[in-house]
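Same chain, two partners: subunit A is paired with subunit B first, then with subunit C.
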Partner chain A sequence: MNPESDGPEALQDVLRLADPTATLVVVGCGRLGAMLASQLSRVGREVVVVDRNQAAFALLDVDFSGFQVVGDATELEVLREAGLERAAYLLVMTEKDTLNLMVAQVGRQVFSVPQVVARVYDPQRESLYRAFDIETISPTSLTAAAFLQRTLVKGGG
Partner chain B sequence: MRVILAGQGRIVYHLARQFRQKKMQVVVIVPDEEEAHNLARRIGVAVVLGDATAPRLLEEAGALRADAVLALSPHDEDNLAICQIARQMYQVPRVIALVNDPDNEEIFHRLDVTVAISVTRILSILIEEQAGFEAIGQIISLDEGQVTVSEVVLRHNAPAVGLRLDAVALPEEALIGGIVRQGAVVIPKGPTVLQGEDRVILIATDDCVHEAIAVLAGVVEE
Partner chain C sequence: MTDARYHDHLLQRYRVIGSFLGFLLQLLGLIMLLPLLVLFWVPQEWGLSPGFLLAAAPLLVMGWWLRRCTTELEKRSLSLAEGSVIVVIAWLAAIVVGTLPFYWAGLDISRAVFETTSGWTTTGLSVVDVATTPMLLLFYRSLLQLAGGAGLAILLVSVLAIRGGVGVSSAEGHSEQLVPQVRHSARLVIKLYAGYVLVGVIALKLAGMSWFEAVNHSFCALSTGGFSTRAEPLYLWSSPAAQNILMVLMLLGMTNFLTAYTLMLGRWRAVWRNAELKLTLGLLCFALIALWYGTPVARQAGVENLRITLFQVISALSTTGFVITGLEPEGGFSWLLLMVLMLVGGGSGSTAGGIKQQRIVLLFKNLKQHLLQLSSPPHAVHEETVWIGDQQRSLSGDEVRWAGTYVALYLLTWLSGGLILTACGHSMAQSLFEFASTLGTVGLSLGVTGIGSASGQLWVQIAGMLLGRLEFLVLFWGSARLLLDLPVLLARRCS
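Right, the complex of A and B next:
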């Protein structure tokens, strides 16, 4: 299983299900954010990427056709500039859990974005996100599960 | 009264000291080891070392029995997380946050923070208003910023000086909650006459706060 080659096709399948005109906002242009934004842009999605650091956008595909917004996502002005008012999806994936939690909540409560998903590293905080009805993806839990699965499959086989 | 302070720097130090002098039970959560030692040694408060946004740390600091949590870090997202963890996971009755970006004040109120204080806004109000030579400080903002409590210092020639309170034509949605006169509190009643240098505590809705200040202190010049 190679996620590099597997990713885009899987993404294509997923994207076929969703409204193709919907705008996506990705907050946090680290390796993960940049990869996702690039893939979305490649399949013709309208994407806006937000990062407080201009240099972070170097991680995007060279032919990335979406918008780039430089700024601190805890500021309403920055989110407004990113077009959160019209966005159908908000993906919050900075390196900082508390920032993700705040931006996700603002996305829901202030901008009424229909679909909000946030990345959370610390599994202890996941229950808190759930209390606020925010969907989360935890790289820590996912990786742990993947490692466990591999180990058990190998060991048990 | 049990209070948990989370943050860093002078503000935490001075607040902790003040609360301690008032015989409150104070626990401070600081991320820096040297600062932690310093606080414990110099003020003698209980100190928990670490990141206050980690749910376990608040519990360790006694959040389950705390009456109030104050989040005073320089990052809005951290202050929000601290307050929300305190409310949601430990049912702390009062959570108070420092808000660095004044635009976030309203969001914090919406997201279950009891009191959100924007120093930036307080200072900018002070500077703006003092340009018009009246000292007006907004103390707190309640109900999503719709009601504010302000302190208005009356000059000797302010329009309300010399008037009985019941003769001051305040707008409908404004009232005087107290007067501080030469360091003592005067309970405001109809016959109370306002004097120069009185510090008037004004409670008003956002719509009429400016009108109320104008009635008390005169039109503030830009």
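Right, the complex of A and C next:
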């Protein structure tokens, strides 16, 4: 990630549309979670990141000015501390599909967060999420599509 | 990195620093122009206005020039060290330029710098004769305290929609935020602060002060500054209602903005868990009772005496320094008690000074943890937690260590400053009291600081006020960076 850039243009446009004081909660501060949280914070959004491991927050960049909550996101108390009751968006970004599903579901049903997006590695599980009315993004499918497209374009297809 | 590349890198970083400074200087310039509004009411004091214009003009021009030369601001972020450089330069600029109106009005350099520093750092020690000082300058002093209480970084971050706010605001010591976005948080702080001021002005006016007095006292109580518009102690001229209101305003000023915000949102449970508030309450009660019983001569009868004592205690603990009645001429016990309160000071993340209660709380929790560990099996684990706002944090070793270092540094500076004041010919008790008041940016005085003070002593106190307000670290860090970087930057330009 280029630390000096403000993120993709598309992100900027999307951000301008929504309510500027809405809080976003990012669960899981790995490479993806940290990058998203940093970019959102940098463009002026209110962000709370949750991770089980204090050391994970080192991945956030210096400009990150949101809150950091250390704790297991499967515990309601931790999610409450992260202010999920008042959050407008929940992004679930941990490495475990099952954990992501559970947290996303809790966010949707217990805290009734209006917008919930979860990362899911295994494309086959996406239908499961859809049944719970949770939006998903599968890095595996996206990467596969990108590879396919690149190969076909290069191959003259 | 080779010298040339390091030089280029530094040059680039300083360009970013320069553009932030440009914004800040322009902001300062506007603040310097604000007092001129008072001229609508007192047009006969127009003769003082060149001092303000002379101060504002170079700031606005420099700021404009810096911003024009450095246009990359939007794309860059700032580290804590770079934030420190900005904070140090901005504070020095604010003091140097802020001196001009006083100097123009006829004060000598030492006294003008002292008065300005006392304003910006919200100390409230004064070396001018308030009775003969023009209203324009009196308002200017109060305005300095109002702005200094909020802090330059908060002002900067709240005004501008730019990045890098984290570096600047944490360099000035605003580590806790109200909401998870530094910009929104700074704006919220300013809104709260402005709200307090407005309510304060109206309440004081209703309590019988004139508009001018109400505005000045509201500014100085909330910023925990303590400049007054009259030389006489408050008890002699203001109504009891006004004094009570000032007590409330001082308490508001010394409360962590985060705590106040949580309180306003109605999260009472979180407020009750807050250790700082409990410490404030405890200290106030203890000092009140001790002073009430311990003072040999009661100034007034019964309840009235209690109220005066409470005012004095709040004034010292909140590091405001309003004087309600003169301090006893020979008050060993009351002097020492007030000194302790001044050293402890207000809440972290408020406008108050002193060691700050958060650090005291941390050290006490650490002590408790140690004692528990001594009395239990070797492998037992005791976890102590602190509540900040409505977030619970476990006690971290780093924080405790830094709190301990800070307290040691603070006390050492206090003793050194006291030593210098005794060398200037004051008694030990007076010197220590006065320097506790200086370093904690309080402003209570036993008469050591006044119109007739020696210039050398004033400069020591100026240093004390700055160290106390900026909490040591940023001054050390910022000036060290500057001293290290400047030779590199300049050396290449000459070759």
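Assorted remarks:
Here is the rule we go by: the second predicted complex is superposed on the first by the 148 of 157 C-alpha atoms of A that agree within 3 Å, B and C clash if a C-alpha of one lies under 4 Å from a C-alpha of the other, contacts with A are read in each partner's own complex, and residues count from 1 in each chain.
What we mean here is this: a contact is a pair of C-beta atoms (placed from the backbone, for glycine too) under 8 Å apart; a residue touches a chain by one contact, two chains touch by 3 or more.
Everything numeric here is computed off the predicted structure, so don't read it as measured data.
Partners subunit B and subunit C fit side by side in the overlay (superposition on subunit A).
By the document's definition of touching, of the two partners only subunit B reaches A:E75; subunit C does not. In the superposition on chain A, A:F57 contacts neither subunit B nor subunit C. Judged by the touch definition given at the top, the superposed model places A:R42 against subunit C, while subunit B stays out of reach.
Remark: least CA distance from subunit B to subunit C after fitting both complexes onto chain A is 19 Å.
Residues 3-6, 21, 23, 41-42, 44-48, 61-67, 69, 81 of subunit A are the ones that touch subunit C when the two sit in their complex. Only residues 53-56, 75-78, 80-81, 84-85, 88-89, 101, 103-104, 107, 110-111 of subunit B touch subunit A when the two sit together in their complex. Residues 75-80, 161, 163-167, 177, 179-185, 390-392 of subunit C touch subunit A in their complex.
On subunit A, the positions that touch subunit B within their shared complex are 74-77, 96-99, 101-103, 105-106, 109-110, 122, 124-125, 127-128, 131-132.
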